[in-house]
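Here the chain labels run A, B and C in written order, and each chain numbers its own residues starting at 1.
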Amino acid sequence: MNPVQVAGVWKYYGDYPALRDISFEVQPGACMALLGRNGAGKTTLLRIVAGLARPTRGGVSVCGAECRNRATRHSIGILGHGISLYDELSAFENLHLFARVYGLAEPRRAAMEWLERTGLDRVRDGLVREFSRGMRQRLAVARAFLHEPSVLLLDEPFTALDDRAIALLQTLLRDALAGGRSIVVSTHQLREALELATHVALLVRGRLAHTGERTAEMLEDAGWLYRHYGEA
Amino acid sequence: MRPKIMLAMTGIAALLLARNLYVILQVLPDEEHQNAAYRIMFFHVPDAWTAFLCFLAGMIASVLYLAKNDLRYDGFAASITEVGLAFGAANLVTGMIWGRVIWGVWWAWDVRLTTMLVGCLIYAGYLMLRRAVEEPGERAKMSAVVSIFAFADVPIIFFSIRWWQHQQHPEPAKLPPEWWAALFMNWIPLLLLAGVLLMLRMEQERIQRQVDGLRRTIHAF
Amino acid sequence: MAVPALRGSVSFLRQSFTIASKDLRAELRTKEALNASVAFALVILLLFSFAFEPTEVETRQISGGLLWLVFAFAGALILNRSFARELANDCLDALVAAPISGAALFLGKAVANLALLVAVELVCLPVFGVFYNVPWTLQFWPLMLVVLLGTWGLTVVGTMFSALTVNLRLRELMLPMLVYPIMVPGLLAAVQLTTPLVMGQPLAADLMPWLRLLVAFDVIFTALALALVETVLVR
C-alpha cells in the first residue's frame, strides 16, 4: 500500500472541472514533482491531498486511510504559499503550539530541537513579525517537519526562499527521502524540483498529461517535459 | 412541457383567485367587530402559511445538499427561500394594512408579525450572503448552514416574543372556526402561485449554473 | 527524535484548550481588538446618555436593553477577528490540515472569545454604574450568571458565522447582518433577565421562563455549531 494513492479524482467548481480524473501513486522514498502551468490545477490537487478541500468525485488515501481522517492527518506535513505561523507569537510559541496540536509526546523538546536544526534557537523568543524573510521561511520549514510526517506536501516551496533556506530545505527533503518518506512538490522552479525528484507528473488543464520516472533528459533540459507532453 | 404546466397552474390559480375574491367580497357578511377590513385576513394568513412551508422546504433541501453534494438541491433551496421571502413580505404588508385599519397604527409589535419580520430579516441576510460568494459549491454550503440555523431559530423567536408580549398585551385573537374553509380555499391558489414562481426561479438558477460553467471554461483557456 | 504520542490520546478538550490559550495569548500581546471593543463600548454608553438623557429611574428600567446593545455591538468587533486572524500567513490552512477536529478548533476559539467579551463587559458595567448613577451590584452573582449565559449565546453564533464568512470580501458587513437577527431571542431573554437584576429584584419564579429560554438557546446553537463547523471549514 503506497503512502499516497490518488484515484479518479475530479474537482468541480460549479460546472467547471478544475481537475479531471487524476490518478497516481507515490511510493515510500519517492519524490514526485508536480509540474504544470498556472491554472493547471496543481494547488487544487495538493489541497485535496492535504485534506484542505474535498474532491467532487474519487478519493485520496494517505498511509492507507482517507486523507481527511484524524489519524491520517498526523502523517501529513504541509508547506504552502503562506508560512502558516502567527506573527504575534514567538518562534518557540509557534512550534510549541503545533507540537501540541499534533499531539507530540514532548512538545517543548520537539520545538527546541527544530529551532536548533533550523538555526533559530538564538531567536526563540523573538516574535515572528520581527523576523526577516529568510528566518520566517526557515521557521515555516521547521513547522512542516516538526511532527515527523510520512508524507510531505509542498506547494511551490522554493519560490522566494533565500540561499540558506533553500539549502536547509533540500537537506531536510533528502534526509526525509532517505528515511523512506514520500514527497509531492508542486513547482515552477524546474531545476531545484527536478534535482530532488524521482518521479514527475505533468498537469495540463486539470488532466494528468504524463506521469513517470524522472529521466536524465528532463533534468538537462528544463522544457523537455512541456514540449513532449504539454502544450507549446 | 414545463411552460405548459406553469401556464396551467397559473390559469387555475387565476380562476380560483377570481372565485375566492367574489366570495370574499360579496358573499361573506361583514364581521361584527372588525368591519370590512377583516377580509384581508384571507390573504394575510395563507401568506404566512406559505412562507413557513417554503422556509421549511428550504431547510430540508439544505440538509439534503450537505448530505448529497448535488447543486440542484442548492438551486431548489435558494429558489424556495426567495419565494418564501416574497410571501413573508406580503404577509407583513397585509398585516400592517389590517393593523392600520383596525388599531389605527401601522405597527403594534404583534407576536406573529414580529416573528415574521425577524424571520424575513434572517432570510434577507441569507440572500445577501449568496450574492457575496462567487464559487457555487462554497455558496451552496454556506447558504445551507445559514438556512439550518435560521429555521432552527424560527420557533425560538416565536416563543420568546410571545412571552415578551404576554407581559404587555393580551393573547392575540384566535381565528374563528367558520373562517377555516375560506382560508384553505384561498390557500390553494397561493400555493399554486408559489409553485409557479419556484419553477421560474429554479429555471433561472439552472441556467445561471450553466453560464457560470461556460464562463469559467472560457476564462481558463 | 521526537516520538508522536498515540493518536487516540490527544483529547478533544486538550486541543480546544491549546487553541483557546493561543488565541488569548495572541490577542493579549497586541490588544488591538480588545482596545477597540472597550473604546467602542464606552463611546456607545456615552452616546446613549446624550441621546436619551434618561433619569435614574428610567435608566434602571432600560438597563437591560442598554447594556446588551452595548455588549452586542462592541462584541461584534472581537467576534469578527476570531477567524479572520487565521487568514494572515495562511494559518487556517495549517490548522485545518492538522489532526484537530473542526469542533475542537471552534470550541477553543469560542472559549477565547467568551473570555475577551466578558472582560469587555466587566469594564462596561462599572462605567455604566458611574455614568448613569445606577447601583448594579445588588444581585451581583445572578447578574454574572446571566451575563455569562447571554454572552455564550452571542459568542457561539458569532464565532460560527465568523468561520462562515472568513473568506468573504464583505466580512465586516455580513457578520452583523447574519448574527443579530438570529440573536433576537437570546438577546431578548438576556435583556428581560438583566433589567430586574439590575433593579435589585432576585431571580424569582417569574423570571425562570426567560432563564430556561436562554439556556435552551445556548444549548441548541452550541450543538448546531459543533455539528456544522467542520463542513464550513473544509472547502
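Everything below uses one rule, namely that contacts are C-beta pairs under 8 Å (C-beta built on N, C-alpha and C of every residue); 3 or more make two chains touch, one makes a residue touch a chain.
These figures come from a predicted structure and were not determined experimentally.
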item: Innermost chain by mean C-alpha position; value: C
item: By count of C-beta pairs in contact, the leading pair of chains; value: A-C
item: Centroid distance [mean C-alpha coordinates] between chain C and chain A, Å; value: 37
item: For chain A paired with chain B, centre-to-centre distance based on mean C-alpha positions, whole Å; value: 49
item: Inter-chain centre distance, chain B versus chain C - centres from mean C-alpha coordinates, in Å; value: 32
item: Junction residues of chain B - those touching two or more other chains; value: 137
item: Numbers and ranges of chain C residues touching at least 2 other chains; value: 235
item: List of chain B residues in touch with chain C within their complex; value: 66, 118, 121-122, 125, 128-129, 132-133, 137-138, 141-142, 145-146, 148-150, 152-153, 156-157, 159-161, 163-164
item: In the complex, chain B residues that touch chain A; value: 69, 71, 135-137, 209-210, 212-214, 216-217, 220-221
item: Touching residues (chain side chain A, partner chain B) in the complex; value: 12-16, 39, 56, 205
item: Chain B contact footprint on chain C (complex, rising order); value: 157, 160, 164-165, 167-170, 174, 177-178, 181-182, 184-185, 188-189, 192, 209-210, 213, 216-217, 220-221, 224, 228, 231-232, 235
item: Interfacial residue positions of chain A with respect to chain C in the complex; value: 47, 50-54, 68, 70-71, 73-74, 76, 78, 80-89, 93, 97-106, 109-110, 113, 127, 143, 146-148
